[in-house]
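Structures incoming, each one as structure tokens.
One chain, subunit A, appears in both complexes that follow, with subunit B as partner in the first and subunit C in the second.
After this line comes the complex of A and B, so read on.
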């Protein structure tokens, strides 16, 4: 059994090329955008950063929850999840340019960061004690920092330490358990606050109480897909014999179940807003349905219709072919979901900014100038690359983030055995049977 | 499920039981004359049931005017009780369906009683909207069927209508699930019986012989019903939450309601399961099957769901402020500091603060604490529904119609009476059916019996 992962040169080259493609696409998106705000670049940067940071977060959360739940079956691939969870540190670094931009005003992702706009906007003024650079910065750095240093990193350290010597009292495991008890409530509260700051506030006027749970569910389903893909890849390289079809079957069931759960949350949020028909709320979906139909309906097709139909049968959760196919659909699908959450909002910010600028500079001819500004910056008509549908640049940037994520994950995998040797549930996971 | 069990797992069946012991122990309560304690409990329950019958008669005779509902507060104790009872039912479905999917072995000790509780709770829940209709003899109007009432057709856009479908489906599937599980156990009881008793249990067990074919069909039916029940756990309380959340009333219309209602339902359901099981295990001598380990697991579920509910309360409060929508802000200001502030305090204390005691392992494993807190949670979840319903309605958009509501003796009596109905059903159940699923307990003996795992295990048996 080969339990020591080696990060090969070939893999480094491939992932390096991915990252290179990503960087080139980011530069292109920065340059090709005809607006002055480089919104396409920033929007993509935020979408991907939040998606991968969120995957690292939710995996950290689940790792801790699993310990509290006396779960044994997942131990076979726990090391892969540990590696995912450590990506939180990269997430913090990736957030820094966004934070800097809020202070330095070199992007306009958040309408609430624009002081002039806030001054003339009662709603934004009301929210300004939460939606402000200080909260954003402190929230991001402190909260994600706590997640990483006190929990993800500590979990990993204790888990690796456990490998060294067998302890019949499982002291280290018990330490992890205590830590897990502390983490879950902290994670539940803080993640919601960050989701509001990072993505809900892109649509700065709009609000929905369910939003944080919806986004969290999206992270979780996406990370399950990524886990399946990673495991199948590692197995194809001759690693992780301990992970069998039984484990993949259970992961497939998880993906199926939480696909339905995600859809349940999607429906709950959409249906209640549609039914009550309050303008302040419906605007969110109205814009998406009318002006971003590919994002709106594509989201449902990728994240509900396809995985639901494919994974319904038993055997599709046990075959590599169908698992790989569905996992790719679902992984890209939830990235698409985050694109859908972010892009229409940043597009509107861009319009508002342009209008505002037009009004400010030509106050006397406001009416005259508003019209041309709107026609240039009006809603996207049809398919606009990078706005109402993700274009090639978006795919390239996603590829770049995938490259970065796996470069980091493979580095972490190399540092410890792929199997947590003295884990108290190891024997259970080795003999895991579903059918 | 293999026979490899982690050293961290704790036995779920104590007392070195054999398969025969299990049969004896669990069938025993149905075979002996009831204890004095049971008779006393039954007498009290039936007294309350009698009160219920009286109150219902009164309500029908006098009309809904005998309740203290008014023009502003059209829903009071009635719908509060309805949601409370529906919520309580959820634990049974969660245990039988979702914990089955998650392969939680401890469910086998409590699933039968929890499923029974579900059915009785749904029966109690159904009473309130039915009698709230006023002219209850026209209750069948809620069913869509070709009729001669001309254009008067059901309003399919109404979540109240969806409730009818959701609850009747829920009741049907839960009943089937529960009864399917009972079939082999009834056969076990039958095999030990003679005469008329044999005939009755033979009828109830559908002539079960225990052949391989029977077991195979039983297994596939159970699986199908588990598959059907899983979405039901979510859908029923989701639709109950729609009763409120589809409206445009601030404090009711909020998107977090569906999952938060479901979490709250499971929370209150587990509290009720604990209340019942702590008594039942003692009275029926089932302490070796419903162990401290089971109680601890359920307390963990309570801690988890209580905290989820807490996150939801705070999310609602925060987003009400964040929304910048003055009516929304006022609704929550009123909820916390308005005339019904005491019910908000009651809700927060009982639902969010009280379960936090379960962080302590000692308290989680203490029967007295668990029993006390389970009652507190039951009260808290009642308060939650009262807060949502009465507090919100008391302060609507027009200050001229602001009002205050206290229940009449009829409403209080109906609530107390419904508890009588519930306990009467439950106590009968403990006499006629095995309270713990015999077949399912047997299926985990080799991996959860204390002679196989844990400190008392005989070493040579342990892999």
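After this line comes the complex of A and C, so read on.
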């Protein structure tokens, strides 16, 4: 059994190329955008940062939840999840340009960050005690910082420390458990606040109480798909013999179950808004259904129809082929979901910004000038690359983030044994049987 | 009380690892096991006994799909053609509002269908009396039973098998 992961040169080259592609695509998207706000670049940057940061967060959450709930089966691949959870620190760094942009006004992702717009907008004024740069900055840095330094990092340290010496009282494991009890409620509330700040506030006027749940479910399903892909890759490299079909079957079941959970939340949010039929709320879906149909319906096909049909049978969760296929669909699907949450909103911000600029410069001829501006900055007609459908640049940027994520994860995997040594549940995970 | 007119010889084991290794030995010796009783589902028992994967889930899928169709089509027929009423300014064919009921009816039909099917297959139901070999097999004992109605000559083989594999008790019973 080979428990020491080696980050090979070939992997470094491949991931390096991924990151290079990502950087090139980001630069291209910055330059190619016909707007003045470089919105295509910024919304992609936000989408991917939030997606991967969220994956790291939800894995941290699940690791702690599993410890608290006496779960043992996941211990076989716990180190992979630990490595995922440490990505939080990279997430903080990736958020810094967005935070700086809010203060320096060099992007316009958030309409609420525009002081002039807020002053003339009753809705935004009402929300400004929460949607403001101070909250955004403090929320992001402090909350993600706490997640990382007090929980993800500490979990990892204690877990690695446990490898060194067998302790019949499992003192370190008990420490992790106490930590987990503290973390879960904190994580549950703070993550919702960050989701509101990071992505829901892109549609600054709109809000939904289900949104945080829905986005969290999206992270979780995406991270499960990523876990399955990572595990199968590591197994193909000859590592992690301890992870068997039984573990993958359970992960597959998780993915299937939470696919339905995600759909349940998606549908609940949609149906309640559709049924109540209040203009302020329906505009969100109206815009997406009419002007972004690929995003709206594609999201459902990728994240519900396909995984639901493919994973329904027992044996599709036990075979690598179908598992890999579904995991790729679901992983890209939930990235697509975040793209769908962010892009129409940033497009709207761009329209609002353009209108506002028109009003400000030609206050006296507002009526005259608003119309031409709107026609230039109307909603996309048909399929517009990078707006109503993700284009090649978007895929390239996603690849870049995948490269960055795995570079970091492989670096962490190298630092400790792939299988925890003195974990109290090691015996259980070795004999894990599903059927 | 209805009886099966069977003479059963059975041994009781104290835990499932003993049980599993005993079944392996019985398979090696080609002893025909009538049935195995455990207080809880034991992993790895089905393949050892040569039981095929249950088809209950296929039945469940069919019941569920039937429920989906019935609920959705019925509501569509009622609200679109039979008795169209405008609710909350929605069109007659207000598909999203049919979904929750469709979902619940799917779950209901598959749950009831599978329960009834399961009870029918197992011969359980109201008024049916199932003979039980020993009340402790629902509590803490694991039981292997052999049918000795027509094979009295094998009884010694079975008894020695039980002693060799560490059964804590051996009894015979007419059911």
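Definition applied: the second predicted complex is superposed on the first by the 435 of 435 C-alpha atoms of A that agree within 3 Å, B and C clash if a C-alpha of one lies under 4 Å from a C-alpha of the other, contacts with A are read in each partner's own complex, and residues count from 1 in each chain.
Everything that follows uses one rule, which is that a residue touches a chain if its C-beta (ideal position, glycine included) is under 8 Å from a C-beta of that chain, and two chains touch if they have at least 3 such contacts.
Being a predicted model, the structure only gives us computed values, none of them experimental.
Asker: Report clash or fit for the pair subunit B and subunit C bound to subunit A in the combined superposed model.
Answerer: Subunit B and subunit C clash in the superposed model.
Asker: Of the partners subunit B and subunit C, which touch A:192 in the superposed model: first, second, both, neither?
Answerer: The first partner, subunit B, only.
Asker: Which of the two partners, first being subunit B and second being subunit C, lies in contact with A:314: first, second, both, or neither?
Answerer: second
Asker: Subunit A residues in contact: does subunit B have more, or subunit C?
Answerer: Answer, by number of touched residues of subunit A: B.
Asker: Which segment, 74-82, 128-136 or 164-172, is the subunit C region that clashes with subunit B in the superposed model?
Answerer: Only 128-136 shows clashing C-alpha atoms.
Asker: Take the contacts of subunit A with subunit B and those with subunit C, and give the residues found in both.
Answerer: Subunit A residues touching both partners: 271, 275, 277, 433.
Asker: Which residues, counting only subunit A, touch subunit C once they are in their complex?
Answerer: Of all residues in subunit A, those touching subunit C are 267, 270-271, 274-275, 277, 312, 314, 433, 435.
Asker: List the residues on subunit C that touch subunit A in their complex, please.
Answerer: Within the complex, subunit C contacts subunit A at residues 43-44, 46, 53, 57, 61, 88-90, 96-97, 99-100.
Asker: Which stretch or stretches of subunit A touch subunit B in the complex?
Answerer: Those in contact with subunit B are residues 68, 70, 72, 122-123, 126-127, 130, 170, 173, 181, 184-185, 188-189, 192, 196, 205, 207-213, 253, 257, 260, 264-265, 268-269, 271-273, 275-278, 280, 424-425, 427-428, 430-433.
Asker: Quick check on the complex: what are the subunit B residues that touch subunit A?
Answerer: Those in contact with subunit A are residues 1-2, 4-9, 101, 231, 234, 238, 242, 245-248, 253-259, 300, 307-308, 311-312, 314-316, 319, 322-325, 359.
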